[in-house]
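Listed next: structures, encoded as structure tokens.
You will see chain A twice below: alongside chain B first, and alongside chain C after that.
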Partner chain A sequence: MLMRWFMICFFCLVLPWSALAATEIEISSPGEQSIPLALTRLLPNKGPESAQISGEFNEVLDADLDLSGLFRFVDPEAFLDDAQRIGLYSIQVDFPQWRLLGSETLIKGTYKIEGDKLTIEARLFDVVNRKLLTGRRYVGEAKDVRRMAHAFADLVLKELTGEEGPFSARIAYISDLSGDKELWLMDVDGKRPIRLTNHRSIVLNPDFSPRGKEILFTSYRANNPDLYRKEIYTGKEAKLSYKQGLNVAGRMSPNGREIALTLSKDGNPEIYLIGTTGRIRKRITDSWGIDSDPSWSPDGSQIAFVSNRQGNPHIFIADTFSGQAARLTTQGKYNATPAWGPKGERIAFTRQSGGQFDIYTINIDGTDERRLTFGPGNSEHPRWSPDGRFIVYSSDKGGNRAIYVMRNDGTGARRLTKLDSDCRHPAWSPRW
Partner chain B sequence: MPDGTGDEVGVSALAFVQAFIQQNWALSPYLLDQSRLRDLEAKATLSYAASGEMIRYRINTPSGNQQFDDSLKKAITKSKQLPQPLPKQLDLLVTFNLKEMARGK
Partner chain C sequence: MKAMQTLKLVLIALFLCSSLIGCAKSTPQMDQEDVGKSDMSQPSEVKGADEGSMKAEVVPTHDDIAGMERINFDFDQFTLSAEARSILGNNAKYLQANSGTNVVIEGHCDERGSDEYNLALGESRALAAKNYLVSLGISAKRLSVISYGEEKPLSKGTGESVWAQNRRAEFKAIK
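For the complex of A and B:
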């Protein structure tokens, strides 16, 4: 009898209650495929008010987080009084108020202006669990407010996804706004464009060094397409490869020690590796066809490039050690400008189909090809953001060719540059 | 779907609870590796009193993906009180996965 009671007690206390008869159900998708976010405006903290500071910070953060595709913004019109209260600590936030609005995450912050000095403190809260997720204090000048907002957007993405955002980086591109095709640099939202070259010729094909301190580009300044390098901060510039014929599409290796480029010194364009002094180290391709547009794999062991060695231009992948190449794309009659994604798994490229160019991505084993753009106009020159979330490219769908950005699945496309000039050949810098 | 409650009231209550939890589950596909959507699955046991209050819960088998598991915890937290009572206590074994989301990718 005692044993029987013992067994009953054992099953009641020790066996998990889940093992008891429970009704099984399956939920095979979330009810909402975005995170509800309440993004409040910065409030002044013991100092003069500036609608411009809070407005600009809010606008930049809103645009960056919207591009990420992660969030659904709670309508600011619905905000209650907690949005008007400074709350940098969990204990100061009225979380039930935000729950009532359906929000799961909340951004609050303050700014303080003291002379030329601007201090912004921003916080990301978990509304459901009523806790602070992350926050940072940024100190600078009023002109730095956009940079601070981009930095906080990067931090929000890092907290929620484990990987920092790419919004503090820059985008280099070619524009003829000054009358000639010159090298320009802008923020990733298209703001603060500055011209970096004054070659008064044709500049093409920029690419960043792995640390983002230098830009490679080709220029016809000396009446030949020569490869140049330019230090961004000092402005120092040097000719790197100036062999007869093409010295184009220079791409620095992930370790920064070599540059892959197309040279046509012997007549036929081929892919070569040169050192950082410009000296040829290795010839990668050797075929009767035109080989061009190299793009390094993230580990530096392979290079994707374009070749018409089997007829029409297709994307190939070559081993940098052996030079052995295999064809990647099989569809379409004109495939060009491959860009190897930073995760190593996918390559973006351009394909001409039906008279127009569109952007595609494909796995490096040739599977799962996806078309990302569908006109109108031509979309070309895809390049990845350093985290692989986004692709920047050029398109003439608005009339003049401009720089656009989209998510890596083709959604969320937006124009970054104005339509008052021809802009092309974008390149997203590494994180600064 | 067999629901174990054996009557129409039970079926309707079960469908209501299922819809309520799903509605409270927010997860962006951009938080996840798109190629892994089909692999993510977690199982949780939830128990609701007839009053509609969640009296206990446990995530028995987490998916191992932090973003996915965190979103489930939030969904459960948001589902701790049903907006209406139930005909009787309800014990659920809930499987969360992304089969529908993966179909669209």
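For the complex of A and C:
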């Protein structure tokens, strides 16, 4: 159910719930607390050795867990001989060795290669209480090793914080690597990019359906900015809205039944709701100015958007039912690209100040505004990870525009795409 | 009569073709796992890199018109400056003299700011130019608009002189 591309066998791990409750570590926001973690390399379990498998698993897991900001890694150089011993059960682990190194948590695991088949068993231990916390057996092929590592990173976060990680998801974005602006898809660490469209025109504004696996985007393929939908696995593509003028910024509602988008069929850009067949259901905005860039609240009852109805572009929030709108941002002269966070309380957006664009977040009642980026260059197009821990965005601080990710407090920023093309407009998929 | 028969044959042939294509498309979908796996097997890095070596320029859809100059705008504005109005006045004279020329007005923005907002802004710029030409007596039927937002900059790079060039409306002949 969780991941169809390789089988997961839930390994039956009997956990006494009382012990679990005692060891659960309370974490409110990333970066605030760091848990000492020893991340050992996978060991071969009765089969051929592969430094590539163990190395890649380790590298992916290390990067994901590091991005989470929850951990302080114990230096692998300091590891003692238990790191070289297979330990899938707590009875096999020499916990005092790990205590000695100051570690409170420990990840161990094995891999087994049988022909094309790869089996990875990974375990998370509580060193202080000498307990197995969680574990999984992943069965797939050698090329699935990165996905297995991302899946285990998601599981580790779930075990320690109660909220699953977002590392098994994907990021859609626009890149001109092929010569034209096309839609691309990559892993959340920027690896394995795949081009999804071949419109040889201009493709823009990708957004995922709430169940993933389907992407909305705008393309000029037919010489008008029309809205398309594409099924990722079948490659099936359909034109959804192709009214005269703009059919842009399509965003599917949380229940997947409606799409908010900007249409300018009557000569002025307004936000409308259309059904999944493309038929107009409702007009949300009605102002003389530009209304664009809708973003749904997680419950679908409200839509944040950009409007210059009071002069400069600012973020507004409209009631989906009544269309009644109130202004959210009061500072700055150019606020745009609102992205409503998955927890519902905060909205990320872009503001121009001092000639450059930076990313901010704000409570939906207008309080507690925080600036997350401070240049150099322009940081734009924030989008949340499905767990709300991270924000993916584009920045031109490296010369060419590239996709970056950071924690939701602005720390831990890292670049995901190469600098050999112009990459922009990322969207983080729901959990895959 | 003969023409009718030929037409019929062509239609039947077309129908057959389209139904064949339809069949090809409606072959049972592979289940997601298989397709997902084949996706994964694609050499992810190489694929894009190969094509990156043969960069293609965006082919203009419409032709420039020698007699019609482009106009420029201030940042985040779509109001027409005095200079833009005088250029539009000349463009209107050209259109009056060349009554067979129909025009698409392209609205463009500089690269800064939201893509989505800029698409809207580009359209407002194109519409501002269109409405002014209509006020000078050009039939609205001869003028269509399209916004490219920040997607087709005239010159690449950064800095106010580059951005100022890119904030523009262009006039292209409809083929």
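Methods note: the second predicted complex is superposed on the first by the 399 of 432 C-alpha atoms of A that agree within 3 Å, B and C clash if a C-alpha of one lies under 4 Å from a C-alpha of the other, contacts with A are read in each partner's own complex, and residues count from 1 in each chain.
Methods note: a contact is a pair of C-beta atoms (placed from the backbone, for glycine too) under 8 Å apart; a residue touches a chain by one contact, two chains touch by 3 or more.
Since the structure is predicted, the reported quantities are computational estimates derived from the model, not experimental observations.
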Check your understanding: Touch check for A:P225: first (chain B), second (chain C), both, or neither?
Key -> second
Check your understanding: So, does A:R283 touch the first partner chain B, the second partner chain C, both, or neither?
Key -> neither
Check your understanding: Between chain B (first) and chain C (second), which, if any, makes contact with A:R137: first, second, both or neither?
Key -> neither
Point to revise | Per-residue contact with chain A, leading partner among chain C and chain B | key: C
Check your understanding: Is A:D293 touching the first partner chain B, the second partner chain C, both, or neither of them?
Key -> second
Practice item. Based on the superposed arrangement, let me know which partner A:K117 touches: chain B (first), chain C (second), both, or neither? Key: neither
Check your understanding: Once the shared chain is lined up, is A:G162 touching chain B (first), chain C (second), both, or neither of them?
Key -> first
Review point. So, A:R414: does it touch chain B (first), chain C (second), both, or neither?
Key: neither
Study note, to complete from the structure: Note: in the complex, chain C contacts chain A through residues 29, 32-33, 35-37, 39-42, 44-45, 47-49, 51-52, 54-58, 61, 76, 112-117, 119-121, 123-124, 127, 145-149, 151-152
Review point. Hey, which residues of chain A end up touching chain C in the complex?
Key: 4-5, 141, 143-144, 147, 175, 177-181, 184, 186, 191-195, 200, 202, 204-205, 213, 220, 223-225, 233-234, 245-246, 248-249, 262, 264, 267-269, 290-293, 306, 308, 312-313, 334, 336-337, 350, 352, 357, 378, 380-381, 420-421, 424-425
Revision key, fill the gap. Per the touch rule, the chain A residues reaching chain B in their complex are 16-18, 20-36, 68-71, 99, 104, 126, 128-129, 160-162, 345, 389, 407, 409
Check your understanding: Quick one: in the complex, what on chain B touches chain A?
Key -> 1, 3-5, 14, 17-18, 21-31, 34-35, 45, 47, 56, 58, 60, 66-67, 71, 73-75, 77-78, 90-101
